[in-house]
Amino acid sequence: MTAPLLRVEKLVKRFGALVVTDELSLDVRAGEMHAVIGPNGAGKTTFIHQLSGSLSSQAGRILFDDADITHLDMPQRVRRGLARSFQITSILPGQTVLANVALAVQARSGTSFRFLRAVDHEAPLNDAAAAILDRVGLGARKGVRAGSLSHGEKRLLEIAIAIATAPRLLLLDEPLAGLGQEEAQVCIQLLAALKREFSIILVEHDMDAVFQLADRISVLVAGRVIATGTPDEIRANAAVRQAYLGDGELD
Amino acid sequence: MSQQQALPATTLAPASAAAWRVSFVALLFVALALLPIAAKLGAEGYILNLVTRALIFAIAAISLDLILGHGALVSFGHAAYLGIGSYAVGILASHGVEEVLLQIPVAIGAGALFALATGAVSLRTSGVYYIMSTLAFGQMLYFFAVSLSAYGGDDGLTLPGRSTILGMPLLKADTTFYYVVLALLGATYVLTLRITRSRFGRVLNGIRENPARMKAIGFEPFTYQLAACIIAGATCALAGVLLANQTGFVSPAYMTWQRSGELLVMVILGGIGSLWGAIIGALSFLLLEEVLSLITEQWKLILGPFLVLVALGGYGGIAGLADTLRNKLVRRGQP
Amino acid sequence: MKRYMLALATVSALALSAVGAHAQDKLKIGLIVTLSGPSAVLGGQVRDGFNLAVKTLGGKLGGVETEVVVADDELKPDVAVTKVKGLLERDQVNFVVGPVFSNVLQAIHKPVTDSSAFLISPNAGTSNFAGKQCNPNFFVTSYQNDQVHEVLGKYAQDKGFKKVFLMAPNYQAGKDSLAGFKRHFKGEVLDEVYTPLGQLDFSAELAKIAAAKPDAFFTFMPGGMGVNLVKQYRQAGLANIPFLSAFTTDESTLPAQKDDAVGFLGGANWAPNTDNPQNKAFVAAYEAAYGAVPGTYAMQAYDAALLIDSAIKATGGKVGDKDAVRAALKKANFTSLRGAFKFGNNNYPIQDFVLVKVAKRADGKFQTEVVETVFKDYVDVYAKECPLN
Amino acid sequence: MSSALLIVQTLNGLQLGILLFLIAAGLTLVFGVMDFINLAHGVQYMIGAYLIAMFSAWTGSFWAGLALTLPVALAVGLLLEVTIFRRLYGRSHLDQVLATFGLILFLNQLVKTIWGAAPLSVPMPDVLSGSVRLMDGLLYPVYRIALIGLGLTTALLLYVLINKTRVGMLVRAGASNAPMVSALGVDIGRLFMIVFGFGAMLAGFAGAMVAPILSVEPGMGDNLLILTFVVIVIGGIGSIRGAFIAALLVGLIDTLGRAFGPHLLRLMLDAASANQAGRSLAPMLIYILMAAVLFFRPSGLFPVKR
């Protein structure tokens, strides 16, 4: 078996006396969608921050594609192919939808120290961005200011920006947060399509979506992974049922 | 810094707004190009001198607007670059080098170097701390110039005359000098505008709007902000070269913190982030100052409340106000 | 944009209005002084002194109807250049009188002397324009800056002070000042302290002075700095050490220093109690008009007006005849408020310098009063470098 | 350099620091609580000085003048708050800069129009004039000692006010999270007004207290404003404790640097170049200090937790 795409070894994050990430270890294989679930306060978002580099780690290692990225900052990680979406929408509201995505395309294609040519007219950037927008279903909205999109559209834009950096591993932090039933279905279909193309870590509260989409699931409780396995294995895991679900039933 | 408010002008639909701005700016430059002819009617030197000075400050204001409006970097020490540019002229001239084609590269290089060195430190901070660290470096340079006894110290030094081009005294005539300054302003405006619309400019604007997002797609803000500071510093140093030539005199008074504050006021008054607002801001601030001081010795009693009102209006300066008015007109024109 | 158009319109209007200003039956004088910021009081004295002279002469200098245009240089050299261009080209003035400060003089000297107008400085008198860069179209009715400091140096030397403590602001004029003092003082200089320009609190320096125990203290601390220093000097209990100063305890600062400055010594070319009839009339008229005791700034501006008056008179009102006016100016054929006055080859005055002392008058106001003459018909040291004759 | 000199210079540094603190306290609160850049804060200091010059001349007594100055300075602050500043809260910092810059122009000119351009002076209260002997050959003005004492008392009162009273609790909460305080049902508008008026009065108080030793002149607040900004930035915006420590630090470093800088440099350089270098360096010292502090602590020494 080949080495995993991402290997997390005994990662630690403390805020003062509070241990949020407690020697967490986890492997993500190339090509899989790996969901991370856990009760509120289990440390999922902190973990994503540590993976993406917006929080530093006090101990442990993060290996990405066999390279130690524990001490790289966020832009460096992104350039190695580790992209994230934000739980709370984070876009450039003043720029057009197309520009939001084109910037991400620009980030991975050539220099950004180009001062005089009008970026609006750079066909390669625009074409690549437009293609991605078409994929996420925002093709018709590309000329609109991103700030005026609906919430559901912004969530899709958020994903579009993340995939525009051409990542090898996509960290999706609650992509369905705040979406209505219909919007959520659109988004789930998009995720199903994306998983054929990208390795994905998915943090999500919507259990239906998680069990429907994920290849493997890790359950986080109090900053530790208490179980990892296929959805069926997790469903059957007694420790998970005990710790996470209490006496409730999974359906 | 409330960054969302930084660019009121961009709320316009881009295409028509661009067209109206282009026509306005074109009109402005045509008017400025015709001014020397109108000035022939009387007081030529005075009017040319006054407007030349305003145009020079417009170049400085544009350079400040690049980092302020597009990078949200509020520099409270920008006058330092005026000083660097003018001292490059003064010091070189006092050693017999009056060739502007040598003075300009030296000034621009020195401005860029100072921006590189101070930006590398200042950009570690943000918000008000950034503002104050730029002030600190501006003040250090000011006191350094005051202590430069060899070059006049506080009294400054008088230039033997305007700089030469390829050894010829081409800048000597006020009208020629005016057109050179106007051309340089035009070039600065066009180049800076293109920068803001380039790949680099888009990154810079993105960092202003949402630095966390930009980091998450792989841009390190520091690098781009530093580059913007260097461009702005070099441009402003060019304005310093012109200022020295215009006054025939170089002095630490060009780089007091009050002067930095005036540059900020020009940009905010004009409307930040729109570049042509910087031109309008510099022109209206300096011309207003002059016109009001002709009316009364107590002109600050008028200028002060005027600035307060512009700020309270919250239109985003004169450029923002113009855009708002135009939007109203356009809407009225529609059924 | 509307505002911009408005400004542009105003400027064009200004341009047009200037066309009518050519008529030569009128004498136009541009007064450029500092009227903004803390130093505004000095500019105010120059303006008032000059205006008083014009008023006294019935609104005419040399028999020609005279109009005075006042401009504020804001103590910014680049602003001053623009204002001076305005005076020369918009107002078409025949004379520019000003400025107060040396750095402004450096900036406006060339634009004015290159033009058709004369530049008459009622205060600033820098060494470069007294020496190699002297100019036939530039006249000074005050002194060469160094001379006032030299008065105190000479006095300290004559008086036999052995050890002195020197202090000045950290800028060019401050350095020139201490150099001027040391030109005639040959004793020991215990320390030379330079303070940041605009410093408000001198406690650190006063402690040093107390520790050094000099025979005398010399300083150059103009404007608000001088007010602070004098108050704090007395409060620190140092008043038993003779306080010699230039431009520190004069009529512009005495209203604020009051009793604290009484007995302090200064150098000058004149004092309000200088004993001659024209001066008595001047001081009385000035006090009546402006409610303040005039200082040297006002006196020198008044003399500048008298100088112009004498020259225009000599040419028979031919304001436009530049060579004739220049020759007449050089003669300085007027009765100066300070007494004897003539120009040296460099167009700087040759005059007496006196030691003055601050005193409280019977009416409760404060003024400097003449103690003794230190220099007689004194020529500045740079005059010999000037190629004019 | 004798020990007496060192003591005197340290006292002088303390006194400058305390003066800076009185002005900085109001500015850092206005800044921290309302996120408002008030360039006109220095003008309020100037107004305090002019008011006491006027009132002490009217009443013939420094103390009566002071008693009149404080409420009027407070009233001026509140007037500005109600007419101008409250419309600028929550606006971009740049609008605030423009408006308060305009206000500086206006008020500096207004002061000159009313009281004239010439510096004014305020007689020292008799009780506090004269000097005391601290040790052999060491006289120190009583007024300055009183100033230090008064400043320390004010600092102590402020400390109690901020840390032990309900208003203080709200101010502290406001400095770290104003929207939250507002969400909890506190009338944030009134809180802002109180803080602003109080800050203006403190600045006016500082102006009144220094009037007997400094000249009262137009624009006297401008340069001090910059120093004050240096202080609150070094201390960490919104932190009274930070402002206190930074003010003393700036006061001491500025004073001692000017007094002893050349001596220290003489250890490394020859006398002439040490004097020259000391002269150039002295005015830069506090700016170098600020740049250094921000380099190592980009949010000041005592950042307010948000």
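Every chain is named by a letter (A, B, C and D) in the order it is written, and numbering of its residues begins at 1.
We adopt the following convention: a contact is a pair of C-beta atoms (placed from the backbone, for glycine too) under 8 Å apart; a residue touches a chain by one contact, two chains touch by 3 or more.
If you're wondering where the values come from, they're calculated on a predicted model, not measured in any experiment.
Chemist: State which chain is most central when centres are taken as means of Cα atoms.
Modeler: The most central chain here turns out to be B.
Chemist: Just the number, please: Cα centre separation of subunit A and subunit C in whole Å.
Modeler: Their C-alpha centroids are separated by 74 Å.
Chemist: What whole-Å value do you get for the distance between subunit B and subunit C if each is reduced to the mean of its CA atoms?
Modeler: About 36 Å, centre to centre.
Chemist: I'd like the Å distance between the centres of subunit B and subunit D, where a centre is the mean of that chain's Cα atoms.
Modeler: Here the centre of subunit D sits 32 Å away from the centre of subunit B.
Chemist: Which positions in subunit D touch two or more other chains at once?
Modeler: Each of 279, 283 in subunit D touches at least two other chains.
Chemist: Find every residue in subunit A that makes contact with two or more other chains and list them.
Modeler: Residues of subunit A never touch two or more of the other chains.
Chemist: At which residue positions does subunit C touch at least two other chains?
Modeler: Subunit C, residues with two or more chain partners: 35, 170, 196.
Chemist: Would you mind giving me the full set of chain pairs in touch?
Modeler: Listed by label, chains in contact pair as A-B, B-C, B-D, C-D.
Chemist: Can you name the residues of subunit C that touch subunit B in the complex?
Modeler: Subunit C reaches subunit B through residues 1-4, 7-8, 10-12, 14-19, 21, 35-36, 70-72, 75-78, 81-82, 85-86, 88-90, 102-103, 106-107, 109-111, 126, 128, 170-173, 175, 196-197.
Chemist: Tell me, which parts of subunit B touch subunit D in their complex?
Modeler: Going through subunit B, the ones touching subunit D are 1-2, 5-6, 68, 74, 121-122, 124-126, 128-129, 132-133, 135-137, 139-140, 143-144, 146-147, 257-258, 261, 264-265, 268-269, 272, 298, 300-301, 303-308, 310-312, 314.
Chemist: Looking at the complex, which residues from subunit A come into contact with subunit B?
Modeler: 52, 54, 73-75, 78-79, 83-84, 86, 90-96, 99, 102-104, 106-108, 111-120, 122, 161-162, 164-165
Chemist: Help me check something: in the complex, which residues belonging to subunit B touch subunit A?
Modeler: Against subunit A, subunit B makes touches at 4, 7, 10, 14, 191, 194-195, 197-203, 205-206, 209-210, 212-220, 224, 227, 231.
Chemist: Which residues, counting only subunit D, touch subunit C once they are in their complex?
Modeler: 2, 4-5, 8-9, 11-13, 15-16, 112, 116-121, 123-124, 129-131, 137-139, 141, 143-144, 210, 212-220, 223-224, 255-256, 258-259, 275, 279, 282-283
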